[in-house]
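Chains here go by letter, A, B, C, D, E, F and G, matching the order in which they are written, and residues are numbered from 1 within each.
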Amino acid sequence: MEKPLKLLHASLNGRVIVELRGGVEYQGVLDGYDVPHMNLVLKNADELVHTIKKGKHDKLIVRGDNIIYISP
Amino acid sequence: MEKPLKLLHASLNGRVIVELRGGVEYQGVLDGYDVPHMNLVLKNADELVHTIKKGKHDKLIVRGDNIIYISP
Amino acid sequence: MEKPLKLLHASLNGRVIVELRGGVEYQGVLDGYDVPHMNLVLKNADELVHTIKKGKHDKLIVRGDNIIYISP
Amino acid sequence: MEKPLKLLHASLNGRVIVELRGGVEYQGVLDGYDVPHMNLVLKNADELVHTIKKGKHDKLIVRGDNIIYISP
Amino acid sequence: MEKPLKLLHASLNGRVIVELRGGVEYQGVLDGYDVPHMNLVLKNADELVHTIKKGKHDKLIVRGDNIIYISP
Amino acid sequence: MEKPLKLLHASLNGRVIVELRGGVEYQGVLDGYDVPHMNLVLKNADELVHTIKKGKHDKLIVRGDNIIYISP
Amino acid sequence: MEKPLKLLHASLNGRVIVELRGGVEYQGVLDGYDVPHMNLVLKNADELVHTIKKGKHDKLIVRGDNIIYISP
């Protein structure tokens, strides 16, 4: 068994896909997170809305509330 | 009587269907969960939107917040 | 006076209707629940969307969050 | 001053109207409630959607989350 | 400075407008409230939906969750 | 650094704009607030819906839940 | 690893983009925040709705609840 936070921790410094409610997606390097909110820090993050690239961010603090899944 | 978390635990390493709000569904092997949030780790997960396959993920951390049901 | 959780407990092993937000309904045998979330385990559960049968599940963990009512 | 839970308690065994989000309404005899969730047990409950009768339930556990008002 | 709960308390026995999400409004005499939920008891309450009168209630327990504002 | 609650406190007795979800806005004198909910008391408050003035209130208790921002 | 709140703190006095649910965005100088709500104080903040500038605020208290991301 692999606990969600353990997998999240193992995903640090790797590229992840973060899917939010409303068809919004971020793809970037996971630079940090907090517990228990699962707020994330992403580096070099692309922002996609319904799979269309909308923007790029050097760093991003993503609130955990709106996250549907994180794909390492 | 079988408590929800006991059934969830018994479902580890088996294939589960995870239904989210908004017609989104994941089908994969249950690799982990946490308590009390019911965040899940799925392996080899298919992502379906209104029953149409949209993607595949080696590993997936699914937040418990958006889950409607888990079908072991 | 009959408290909600007492009635829920008395409904174990009986067939219940579980109505969720969004016109989704499950009909199955109540096999378990937890407190205080009111997550449920249903057996032999039919899934109905706007009264049309959409699927059948041997076992189902239904999160309490989305439940509107349980009818024993 | 009459506190909400005191009025709720005084309404036991009387017929109440329970209005939920989304135009759903239940009319039945208040058989129980819990604190602090305000989950309710209704007996002989009619279910109305936008004032049209949709169903009847001997007993109903209504989650407090979705309640807008209770009219004793 | 006048704290919200102090103003609410000072409004007891007076007529208040209670605005909810979704264009629903209640106008009645404030008969009680609780802390911290801000559930209310209203007497002789008119129910308005988008400013059109829809009903009248002798007494009403209004859950605090859905309240946008209370106007004493 | 200026903490949100410190700025809110410094805004007492001044005119503020309070933006809620759904295009609703209140403009009035900030007469009070509570912690941690950020419920507010406004005096001489105009109510605007999508920038059109809909009403005026001598006093208003606005629940913090629905607030998007407060502009002193 | 860089924790979300550490990055937020390091972003003080710098210009940030704050994206909210519903296509609303604020661009301003981060002047403060609180923990754990992540309510923010912004200075000289532009308000954009679907990328169109709608307003300007000297100071703004933005509730953390509605925030999707903060981009330093």
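List of remarks:
Here, contacts are C-beta pairs under 8 Å (C-beta built on N, C-alpha and C of every residue); 3 or more make two chains touch, one makes a residue touch a chain.
Note that the structure is predicted; figures quoted are calculated from it, not measured.
Graph distance from subunit B to subunit F, where chains that touch are one step apart, equals 3. Averaged Cα coordinates give subunit D a centre that lies 41 Å from the centre of subunit G. Between the Cα centres of subunit E and subunit G there is a gap of 33 Å. Distance from the subunit F centre to the subunit G centre is 18 Å, each centre being the mean of its Cα atoms. Subunit B has residues 65 in contact with two or more other chains.
Touching chains close into a ring; read starting at subunit D and passing to subunit E, it gives D, E, F, G, A, B, C.
Taken in their complex, subunit D has these residues touching subunit E: 1-8, 17, 21, 36, 38, 64-65, 67-72. Interface residues of subunit B facing subunit A in the complex, by the touch rule stated above, are 12, 20, 22, 24, 26, 31-34, 37, 39-41, 57-63, 65-66.
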